[in-house]
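My questions all concern the structure below.
Chain nomenclature is as follows: A, B, C and D, assigned in order of appearance, with residue numbering initiated at 1 for each chain independently.
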């Protein structure tokens, strides 16, 4: 009897594992660690259901990869058993390099190292541990494999990563308008000259996918309160580094060494729990800025955010800081931690990246932005910026 | 104990009737007749789940009206008990004037009379029957009541009619990308200077609503096969009129008299069943055109549709007709019934109608098309046309 | 490129057709006719969403058959490509012999012939039409094939027919408590000594399935108002036969000939539309009983039903009939059509049929009723009867 | 404009807060702390979606209380505005006394104190903080208020607590067979002589509710792997206490002081994060038992569980322990921590508690177990026990 395990998933029903190697990768501590990293960092402070984990997302994307490969094979695209296994492993591990609170802390925790680079390092290590069985997965993940569409399924404007996170985040937040019809999109996939494309009948589903993504960005990922909490979280780590606040290992090394000389193992011992426990302690730190920020996160007393179409007037920021100085007694330089401006941006469609391509019945190919009556066309600003001011609420 | 009935609805869970007058209207034969009219005419030939009825849609829109009124009242908008009852009755009856297969046959069955006009006549009659208790409902329905927002909830670019049919049609077809987040939209409604508006936080939900509508039009309502079936249906009725084909009353009067001198009661005796039964019989009619069209509908042998960006080349149509003449032996004038061109169009946003208005926190008001980074802006073609050729499939 | 069609289904997402023969069977007029037969007869008078068709159910059961076969194959059960095709065809056609309003009229329209027998005749005919390609499907359908589990998937206490109708009827009525977790049940299926069994881990899902069925019977299929409408429908046909009421062909032959000498083709020309159109006409019939019954169905003025644990007291019935005679002026023998008693019954579990068997990890096999702490055990009455009186509501 | 906040919930759509006092209670750090306590402790190790929090459950139960009160009021039950507010507060706070990993650690962390007792203490404290405004909520929560049905909605065999946790746990695990039709049950509630009852029409929904609960217990809450993880978790805390393992405050006080002399504030500073961080550290503890248990939880290397109908044979346990001693080198007394037996039990229906009562249309009242053809009757064992052995997996 063949190897066969099923996992219940509220989003897709059941996820099937039918390959012992994949089962072993899932069972590996590096992968299990993703259970302790929230998929959506602090978004649950606004959407209480959004507490799902990176592990769940990785399994979901893996499931969609299975569906997509099956669909392409049924359409006559040649994909060997080895390539299937490798593509499934690659997507399973695509986020393995995420640290605590993923994107929210990415730029701060592991200076100069995106999670994709860490993923590559970790895939390398796992490859060694598994006796070279992840070689092809690595090649695909690094876009060095000749069947480009396999890479595009993992990383592109229409990859299974995005399909899963939009579907899953929409599901767990309860923002049902973010639902994307992933199954229809997958049914519309095709391969032409080695590239991933979409059949003509799928045009509206793709437009819908792009608009759902836009909606999820502004309504959820960049929701004022979420933005506030994540900015506060970043400042907590930065402040802790600045004052070399005490905490336990392995986080201590990161805070004190500024990310240098850190081993992969140390990195992998860290997750949301380490950071949140430090925050719980720092609530009582003698540094007032750190303490204010930490209490804010723990008790959900979040800074106020105002969005505006233009960069904030410096006078406005100055006024806020002065008020904060008066009411809390902090210095001006400290007040800058408690009132600050910034810019949030979201890309509905990246006109410079590889385009999403539509393959028509007559054999012609067109970018999604160039079809008749395209919704996403050169007149729509692909990238939208919103400026904001974020500041401590005063009594 | 108060009057209280509940109806199970797979879309909303439960629909509540808590007003005996409304219960009596629902129980009236004119309303019950809507059970025998498909909400989506022939769409079930492509989407087998789409067999829901006009009655179900009317109940659904009534439910959303209840929610919307409750929401507005909770925000301090003044709406009396009488106005609530009237608005609920008006939406319940908004489609009461639909004939067999609703929109698909509207222009043909009741020449020169849109279903809205028939709805007005029928509401009038019901008002008399119910001793004038529908007077206020009539005023609102006819947009003669001073609280304009009540009319806008029934008929406008953001009315509960559209909210229900998009939600319901998306549900029953299984095209989940058409889901619109009706509950969030309703939570975002507000009234300003007597007009229905949307709060700032609802912008993305409204954009999403418009895009979902666009998708539903092209993917469902104007799906090639649906278009084909509905064009065939129209031609069946037109041909039957042209040759005065025999059928039973009350349909006979419509077919033979061309819609003149028809009583409301005769109209109300007619539903999808009359038309479909006639089609079943006409399969065996001696008129070959009528017989071909009718067999096509009953056995789902539908004409082929090709969409094209420009009007069809006349030579193409001519070629098709000649082939049909050869293979079936019909005359040229008859072949014109079996191969024809046309244009389908869908309005993503009507820039000339009353705009959807956004009310910002600072008190300003803006059209949805004029907010920062509007997705639906002057560069998007509000109305999109697609030309088509529709013709009998040849062996 | 392989043959590949998809059908949207709100219940399962997508249903896939990947076999040209199956596509041809679906396209056949006999199968398309199932579009015009309601799956749940008159249940939509209580549950307005329950207007789905026999065709939709047949497609759904076919989809579950695909899943079940795939699951068994993945567990090492040997099933050839021919057997897969045949099992899929057999389930697709399992209800092909249903007449107008299916079960509600089964005993009356086609006297002495259950729909299963008609299905056999029709499968025979289709087999001839398709050049013998349905031979194996026939054998399986008739339980003459040596791999018994294939038959059990089509007809047994745990077949895909029941799984689909419970799932689908629960979905379209909105009675979500009827949901059965069909995907989990399918994942738990196994074959042992040629018989279909359930893995140990599936015990609770099976119990849940049986209880959901019990709930659906009493809450939906035998709901008082549904029972009333279906009893009225039966009496309409019986009365029409008794007085040889006029109507159009092909129904006329059935009404006047009492079902003798009817060709299969005549049978297949008949569907819900024929019966409902006759009812619309008979509203104005001179026979008062027929007219009362028909107006009741069309305008949803349904008879009152009272359930009771014991057979009704004859005096109660007599009293009701006398009142009806007084108020309507009908004779006593006619009053018996307008007030009558009967018994409804539902089988939670049939202890005499083939049992549902559980296969334990240690290799032992046990009936679901005999496992430890079985919910459905000898102490639960497998079959429950409820007596009722059904009578015209008087003013 | 009235106070009005909405919270997105994937389960119910939107939860509404329209009372500033309730908003303040939700914003209180004691309530926000529930964000850091998993609703289902370790169940996510089997059902990866089951990471929802106690806070989410409390909000959900509060939402169902709103619905239930509204329903009862619409049926003429007298409930004042103060009583509504109090009942809503009482349910919001019903779980406020839960400690880390709730039930899984309840008996161990706070010896001799159930979470309900701690909830009472905390409600008392909050009542003082809010100037006595929670007085009536307290009375209801403690079942000292004369309108008993308000207490029954909070704690009984059919309370909104159970309705929410079954609905929510079914949703997040993806075990859809656990869905209970909460909205129908609520529509069926009524009050008779001060007691909560269910209308006759709701019988099958209640049976379904009890069976769904039974299924959730055995399929989810007492799933072998979940049981294993939660037994390991308990032994970690017990072992840490036994050897006075070092960890940070506030957990340290609990571990070292055995729960004596602990302030409420100390208790409220503790949540899942404290315990999990200690476990992360103790992976490297010199005590081998503690280290094995902790590594098992963190890396999901869980003990093996076998269920059996009778208590385990002592010889079997002895054999397992000897093998463990051999392979790991631990002493016999330590091996008892790594291989042990126990009993799990689940109550489908408690025949000794207050019964669920059905009120019939004729005014009579009957226990759900005593209605005709009751599914849950004296022949069904209300409480089911399963014995198990749980032991370290050996290489």
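Things worth noting here:
Going forward, a contact is a pair of C-beta atoms (placed from the backbone, for glycine too) under 8 Å apart; a residue touches a chain by one contact, two chains touch by 3 or more.
Bear in mind that the values here come from a model prediction, so they are computed numbers and not experimental data.
Put simply, the chain farthest from chain A by mean CA position is C. When the C-beta contacts at B-D and at A-D are tallied, the pair with the greater total is A-D. Rounded to a whole number, the gap between the C-alpha centres of chain C and chain D is 41 angstrom. Put simply, the C-alpha centre of chain B and that of chain D have 48 angstrom between them. One simple way to say how far apart two chains are is to compare their mean CA positions; for chain A and chain D this gives 32 Å. Residue positions of chain D with contacts to 2 or more other chains are 13, 175, 184. Interface residues of chain C, counted against chain D in their complex, comprise 175-177, 179-181, 184, 204-205, 207-208, 211-212, 214-215, 218-219, 309, 372-373, 375, 377, 379-381, 384. Residues 7-11, 13, 27, 29, 32, 35-36, 44-49, 51-53, 55-56, 59, 171-175, 248, 269, 273-274, 276-277, 280-281, 298-300 of chain A are the ones touching chain D in the complex.
Within the complex formed with chain D, the residues of chain B that make contact are 1-2, 4, 6, 13-14, 18, 74-76, 183-184, 187.
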